[in-house]
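Chain IDs A, B, C and D follow the sequence of writing; residue 1 opens each chain.
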């Protein structure tokens, strides 16, 4: 196992410290917990956005804490849900009196632990709402999930709900747009190689020299099909058509597109895939309003990618375009800088 | 017969020992049906309880039980952490204010814990989980005290019902948790969570009987 | 070879089209050339910044074209310099009457081709200045270089010179700060696995299961030593101490730090390395003013990283902190958005 | 004797053929000393020249030569593209306005091309590069016409000098380019660029002699 780490059991702690050291202007850690919060709480009290999940998906989620997106991210062990006591610390550190929205990816461990944390929060009279992201159209149930898995589309939830909260909307409104994103985002991925959980020390699965797995999850959960390596054109069709059929997206729709790298797929290849997905969508009469290409939600050093589409309306367009400043995603404001 | 704080502390220590001694068996069961970490998870959790015993022994019983739940939850993490954590925390809520426990308290605690696990994990009896131990054990305990059996006797029938429940998971197919995703759904193997839950009931019952 | 591509010989074209499709608000391609330019030339005429080099280092360099950074990037074939006729197109498309600064990494192919392009530009009465980036302290001469190689520190040159040009400074001034960055930036890298040039189809070298190569270049050029896998602590010391000794950086210095991933090193590991580099620098009394962690200049899917330090003064701090909006690096302004 | 545009076009086509025929030899040399692509690079470049011959044949000689340089440069890319490209472009600059070439023009073109390569690549004779062919060839040509030999004779002595220069690279160690980074610095192998440059001189000389 070739990894830039010290002790395998301490990777989450060390990663958090390195993240905060790099972004000490934006982020801080809640002392004694694996919780990252914004350094400067907004002056105006606003709805707080809290998320979390297993580590190993960096920059998700701590990389999205900051103005215009999340208020706190809770980091579990690699590919394991954080426990409720960690989550409740995130909730308490983030909340500003207008309630908290929990953004949860649909994995049974996450669901159970966030559920419990919500109960703890309610005991302390913090009002909490939740949305569960389940954008992955690949499989109905999976190793860690009942129902669909939540993958890269989650970043759109962070962005849109974060912008709404930043505008001062109340908890119901923030939840409404978060749920709107969940209802309108679909994703599908594929993997070309396994990753190694530091504490395990060996790959979780293996693929032949010429084999890829369509629909594999971001922890290596089984997908729908093992097949030979495809061209970027074929791959874009396989992934995008599954995504399109599902909502379904229709001719005339406007969408946001995310091409997400799982860890070791070069940006060059992500751009090539993006070219083909754009062409495919153009053929189908679907208009891409905004595109994100990069490693937004990874699976350690797994090689592979996912394609996410979010169907947009005017409200979602405005919120998606709003400014944000986080370690992993910064968007400038459209106006001028004074 | 009455259960004191010291009794509870003793039972917890004995559960920790029981788990520690069964490393291979539990690991093998979770390797066959899940991802192989259930023993490591539970052992880590109960080691933590033993480490914290000095802090626990100054607490009132309900706070002590709640704290055990919190410790399991935060130390273990993942699924079984929050499931066992929920069970203990819910159990603590039905004995608010008590400084000793009687057989009715024990029954209500078992019921509350069971309900906690079922709500949290959305599983039910027959799904090949720890519930398949706790559900019959709790029911048997309740039925026993309703028939005016004493604590000693109720603990014994509960243990036996739990044991049978645990064994019954061998022939079940999983519908929740990791085993569900296997081709054979874990068929032919006892569920590891059902075993660790049985250990708790067994240790408790034996303690009561020997007291 | 598992790659998301179509035809190996067309990866550069396809990548460029995918990049432009994703960033059509910021970028466009010069028709018929592998040249990326800003979509909207600044209104105020300013010095134009043009760079380029072999492809395969994405997001370098086209990802840095945009407000506050580059005006044009010229993409060669994978790991091969672009030819002068491509470069001259970049120069012509970018220049706005105030002259052009060429930012060149020190590889003999790049030097020769950019030199020639400069001559062509001068024949057309475009005033051109050049800076040559050679930040890699690993080896004095290398497979493609005479003198030191240019690696991730180049991004600091783009950022600082870009900010200066955006302020309206003249060519001499822009060249002065670019050269100041070159004089004050040092880098050192290491690799843990090879990459595959699409047209070649097999790895350029191989390393043992427990082997890393210290000082390897971003095309797989030999480094200084093959050694066993090190902990993040040891690695941070090996890389950072070589960098520190070289300038040398001294106690009390303020620096910008870049932890750069080469392609398949997870962000988690980059953050862990960042933690150790920060600690090491703190021990040495060196203050980190700003940190960049991510895949800024890659080598396809090579696994590994580099550490770059730029010694700062007040001028460099201000320019580094100035706003920028590019595909790969966006910095918000410090003021408010009107 | 005078060289016309048609002569130049003929020579270019013959160079293209010569290169095409020596695939294995040049590839082997660059595999031994460099990265193995010199034949592929040069062949791609001269194929392009042949493809463009209809566009070239309408140009005046200086523009034609310049265009050849531009085409080589843009088609080949990398090091040898810009080196050969520079040589042709520089050569075109010393014959501005000419519609026919004499032996003095040829001599000045060789010198200008040589100087272009040397400035561009910062290498000198003895560095095991294409310069080791062109430097003696150019010198010999110049000396020949200064001793009043005619074009035919000058081309012949130039070819011989170039041939020896090319062979001399076998015992040189590289100080520039890829071969420099090898343990043996390419010792014992002729430099591939020295060979392709010799082909040009050889084809030119043979053409003149046979004309």
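Side notes on the structure shown:
Rule of thumb we're sticking to: a contact is a pair of C-beta atoms (placed from the backbone, for glycine too) under 8 Å apart; a residue touches a chain by one contact, two chains touch by 3 or more.
Only a predicted model underlies this, so the values are computations on that prediction, with no experimental measurement involved.
Looking at subunit C and subunit D, no chain is in contact with each of them. Of all chains, D has its CA centroid at the greatest distance from the CA centroid of subunit A. One finds 58 Å separating the Cα centroids of subunit B and subunit C. Here the spacing of subunit B and subunit D, counted between their Cα centres, is 86 Å. In this assembly, the C-alpha centroid of subunit A lies 28 Å from the C-alpha centroid of subunit C. Residue numbers of subunit B whose C-beta contacts span two or more other chains: none are found.
Chain-to-chain contact here is organised linearly: an open path runs through the chains from one end to the other. Interface note: chains touch in the pairs A-B, A-C, C-D. Residue ranges on subunit C touching subunit D, taken from their complex, read 76-77, 80-86, 108-109, 112-113, 115-116, 141-144, 146, 221-222. Subunit C meets subunit A in the complex at residues 1-6, 11, 14-19, 21-23, 55-56, 58-59, 63, 192-193, 195, 209-210, 212, 229, 231-233, 235, 259, 263-276, 278, 288, 291-293, 295, 298, 300-301, 303, 305, 323, 325, 327, 330-338. Remark: subunit B residues 70, 73-79, 81-83, 85-86, 120-122, 176-178, 180-181 touch subunit A in the complex.
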